[in-house]
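Quick one: structure below, then a few questions.
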Amino acid sequence: MFKKILVANRGEIAVRIIKACQEMGISTVAVFSDADRLSLHVQIADEAIGIGPPPAVDSYLDMDRIIQAAQKTEVDAIHPGYGFLAENAAFARRCEKEKIVFIGPNSDALELVGDKVRSRQTLEKADIPIIPGMKGIVEDTSTIKAEAQKIGYPVMIKASAGGGGKGMRIVFDEKELTPALEAGMREAKSAFGDESVYLEKYIEESRHVEFQVLADNYGSVVHLFERECSIQRRHQKIVEETPSQALDPELRARMGETARKVMKVSGYNNAGTVEFLLDKEKKFYFLEVNARLQVEHPVTELTTGVDLVHQQIKIAAGEKLPFKQEDLDQNGHAIECRIYAEDPQNNFLPSSGKILYFKEPHGPGVRHDCGIYSGWDVPIYYDPILAKLIVWAENRETACQKMIKALDDYVILGVQTSIRFLKDLIGHPQFHKGETTTSFIQDHFADWTGEKGSEEKQKLVLLAAAFDSLHGTTSGKNFQMTKKEIYSPWLSLGKWRLGGK
Amino acid sequence: MEFEFLLNDVLQQISLEKKEDFYVFSYGGKTYEADIQQISPHQISVLIDDVSFRIYTAKDKDSRYFLIDGLQFVVKEPTEQVEGFRKGEEITSEGTLLVKAPMPGKVIKVCVSEKAEVRKNQTLAIVEAMKMENEIKASVDGTIKKIHVSAGDLVDSEMPLIELEPS
Amino acid sequence: MFKKILVANRGEIAVRIIKACQEMGISTVAVFSDADRLSLHVQIADEAIGIGPPPAVDSYLDMDRIIQAAQKTEVDAIHPGYGFLAENAAFARRCEKEKIVFIGPNSDALELVGDKVRSRQTLEKADIPIIPGMKGIVEDTSTIKAEAQKIGYPVMIKASAGGGGKGMRIVFDEKELTPALEAGMREAKSAFGDESVYLEKYIEESRHVEFQVLADNYGSVVHLFERECSIQRRHQKIVEETPSQALDPELRARMGETARKVMKVSGYNNAGTVEFLLDKEKKFYFLEVNARLQVEHPVTELTTGVDLVHQQIKIAAGEKLPFKQEDLDQNGHAIECRIYAEDPQNNFLPSSGKILYFKEPHGPGVRHDCGIYSGWDVPIYYDPILAKLIVWAENRETACQKMIKALDDYVILGVQTSIRFLKDLIGHPQFHKGETTTSFIQDHFADWTGEKGSEEKQKLVLLAAAFDSLHGTTSGKNFQMTKKEIYSPWLSLGKWRLGGK
Amino acid sequence: MEFEFLLNDVLQQISLEKKEDFYVFSYGGKTYEADIQQISPHQISVLIDDVSFRIYTAKDKDSRYFLIDGLQFVVKEPTEQVEGFRKGEEITSEGTLLVKAPMPGKVIKVCVSEKAEVRKNQTLAIVEAMKMENEIKASVDGTIKKIHVSAGDLVDSEMPLIELEPS
């Protein structure tokens, strides 16, 4: 087993991986940009190395600096987390050359599945169902209109190199095509350092269903069932759950087997995810392989009992998979909500700044993967994900109730977050019914403005503000007071309310 | 003692007095007794007629924030000027519409030029923050009067981007 | 289902129950003594009623005040938690009379199993294996020596009315008998309001293995497997785990069936626990029934996926058990450590006072049931349990590693706790081997003094203290400084250390 | 700047200076560079030669507490008098042993009378706290000189219980 691992990432996922290493008795090295000296992953690691200025291209995406940090600290392996260099085949090759184990797939497989266009070709030959789309990347913007016409609107622009919604655009008619292409390419360039995009058919009213796969270095491949990630805004998943309400055991088995086949055909090893679109006729199409740990991996861990980060490390260290497909089972129901620093009342615009106060929810069945704390400044340079709230319960109904309660108990003051939006989303009757498609938010929450607060709550806020001013506990200023005398409180004592809370 | 606050930009009054081991407050013509306890610098516990409330609080230089049952409220001083416009916009003294950066970030592209005519919802500029591009759109039809930024500029929240003469 | 439940308890268990109610959409009423106005359970409940002065006999043990609070708030049911009135048959009867559902067994069964002496007699008749002991309570202290002689030393003095180690004493020879009896009776009186005690044979080198049982109101009884609770100090459990390392499937099934039979014979309903002693020849003896939710219930929840508090409430509301014995299964391994406010370096003396700073551990598989927060004053009036740290992992090995890591991450400043002791305990080679008996602490930790801190750690503490004094961040005083000039730092920069952490 | 502290009752010296964006400290004849950052009022983050440490801290009126890797340390002012005796005991000016309450609680029973002879480990009194009885035992053989409490008394930590003349 490895003695020391460098975690080439930041935020909640770096924290998650460092903790997994600690549980396995493996020393850890964190890396940090100048914007992250005070970040949580730096505090909890055994060693921490500064790797440059805040922009990711100068730090977390700079292979030379990462490799130098790894050599200086003499690590055995690098865990890339998700994003940044996680799916960068050149980086995996570089690690191989420097004799540092890259905790992820081998560089050939990574290159193949990372090239969305080439992998579509390979898998089509292996009879994997593929969404209709371009055979190659957009090379000539002048002929692109003909391509789009051939596929048929609406079409989806997708980055060849990436995932996570970056560079993605839906185009409903021809006149939107050119500006969407430009924006998609710029975003792809900025996120992955590669502006290649391609077009595929956009399937309406579909669900996003993906299968978690583990493959060891000796040809064993198992899937750990599905995650449904249909709830997206700006093509970014925000709520994920397992099991999916759309799958029956037969379809689940069929999709799972297809996922295993995708990985076998690709020569894939370590952890990965095979993404599918499921249309309203329950026909499924291969979308892409995410060749890394996923943001939403905890829902799989809670329902299968398998720690995916432990398995990633063990596989990379040359261990065999400790289970076969028939040993694996799904138990109960898990839901994840991503907590973003963004303002859902203002078109989900990112919200940076200082977290004035933070208190995370607790309780049986509540897991919180988190990279923040009270007093931390949310930097503007990186993805706005702050934390992930995950709940497990015996069934979906109870899991939803637990999630709503946990969101209610979640305290973040100072920056805007998606918490209230998520609460209304989980509480929506259509979500309750399991009627989730990729257009769920557009269909049901396009005009969402959020609760303004009952009169009772407003009264309490005023009371708290007055208490605070009276004792000067948080305010440094004197608030304006009028001189009107308070009438005797003993004359007309109000009853707070008649019903319950 | 009487207090005036701006709660969600609306002026509100409340009076509060400390008695022996509880508080008396008046609001909306009614008076109530409350047991209020400071739990921590960021939390108070309130019991009114046996009903229990947890209120979380924090402040920055402009505002105090309060959170009850997951819902956040902003309280400001009543002396502060109330702006009647949506976040990211302001009517200038000359009657033009000043479009401001809704969050700190980097200007990726300015999509219009001075004197150009724009329609409602047309994209004026693109600002990137946290790796996402955000399109800044016109809220009315009009003519571009002035452009304050160019591509590559880093902007702070509320920084002027573009001035628009509504038509 | 109930609309509103009063929780007649305090601390971590009141918090646990209130959260369960909230997840089920049930309103909650907390009760509090004058010492608990600022306690966590008061803050999180929907309503909270003061029930009197700090001593438990004047508040949490005062049936009239609890019933009055229940009537005032018009609750449907009372959940008693553990301790206080949880196993008080008179209170259960009083609830029945006042038409408030008591969330626990029916008062007849409670009376039977609560009377340790009578239940021993009943179960002996039903062929349940019983530890040799007295047929009745100690009534005449003059004949007690003969009774002890008949049973044979060592003997155990046990409270007829209670559990939790209160009133319990081991007596190795006759001259210890009288003072031990006096102390046991006083403690029993103070804890349960009943000074009755009895004697039974003390079985050396035994394990404490108990079975969780659920019984609905219609005769269905299932067990949810065992918990091993052998690690005890002062007859109080401090570490519990499941599965037990001492049971094989055959013995587990046999003990589980015996536990179900005990409950059937006793006419028991709702949640309860059947405690056994397992001797070194793997012979097991019935000890007693704990007629309530146990402190250590979370390890069962984590390995079976069943929420015991939800089930308690559903059974009390008249629902049928949703599973049969054959539907239940154990998954993975769970360990619980009880975090007490006590000083393990000073004979486990209770430690009260203000918790100056508190930060709980987090991470996948870590659960923390807790009733405290930074700034809270630990009152001297109640049980010194602060919280429970519970971990789950695929296997015992990983669970132990997770627990050690979580204990390392646990921060409580200002009061003494058992955290470091627990860490050394879980890390002990004999614990690792699963060699756990009720004399484990006496055998291996009698002379425990704890780590004093390496030179590196001391150096860091001095650095932190100096930093603190330099910036005046926490200290209000000026520390004495000598005037000797610091020599140039550039001349002899030390290397922090050569190896890893 | 040089500092003296009592760490676990041992006098220790350290010097610390702030440079541009890091600190230099000397201890035990060696000098080190450290990057020290205040994370919160209760936590600092220290990097020394790329090794990362989290140190938690809190204070009460007498002491400052520091916690590293789960281990708690107590730091006091060097001016404070060092007591050489175990918690709960003190040698008086007359040479008798004063046995004190080790924690706040209630005296359940006084097991000895004045002028009685006691042996080492004999129980002197029983004090109840948090529902547990705790036996207070003699640490030496001796004679009871004075009894300061009786059954039923509430005692605070460090309050005198019994005075013993060692034999």
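Just a few scattered comments:
The letters A, B, C and D name the chains in turn, as written, and every chain counts its residues from 1.
Assume contacts are C-beta pairs under 8 Å (C-beta built on N, C-alpha and C of every residue); 3 or more make two chains touch, one makes a residue touch a chain.
What you see is a predicted model, and the numbers here were worked out from it, not measured in a lab.
Remark: among chain pairs B-C and A-B, A-B carries the greater number of C-beta contacts. Subunit B and subunit C have Cα centroids separated by 48 Å. The mean-CA centres of subunit A and subunit B are about 28 angstrom from one another, to the nearest whole unit. Work out the mean CA point of subunit A and of subunit C, and you get 38 Å between them.
Separating the centre of subunit B from that of subunit D, both taken as means of CA atoms, is a distance of 51 Å.
In subunit C, 46-47, 374, 501 are the positions where the chain touches two or more neighbouring chains simultaneously. Within subunit D, the positions touching two or more other chains are listed as 51. All chain pairs that touch, listed by label, are A-B, A-C, A-D, B-C, C-D.
Those residues of subunit A that touch subunit B in the shared complex are 166, 179, 183, 186-187, 190-191, 234, 341, 346-347, 349-352, 354, 356-357, 359, 374, 380-384, 407-411, 413-414, 419-420, 423, 451-453, 457-471, 473-475, 477, 479-484, 486-487, 489, 491-497, 501. Considering their complex, residues 30, 37-38, 42-49, 72-73, 373-375 of subunit A touch subunit D. Looking at the complex, you find that subunit D touches subunit A at residues 35, 37, 39-40, 43, 45, 47, 50-52, 54. By the touch criterion given at the top, residues 3-4, 16, 19-20, 22-25, 27, 46-47, 298, 301, 305-307, 310, 331-332, 360, 362-365, 367-370, 393-394, 398, 401-402, 405, 500-501 of subunit A touch subunit C in their complex.
Interface of subunit B with subunit A (complex): residues 1-5, 7-8, 12-18, 23-28, 30-34, 36, 38, 41-42, 44, 46, 48-49, 51, 53, 55-60, 64-73, 75, 77-79, 87-88, 102-105, 108, 123, 126, 128-134.
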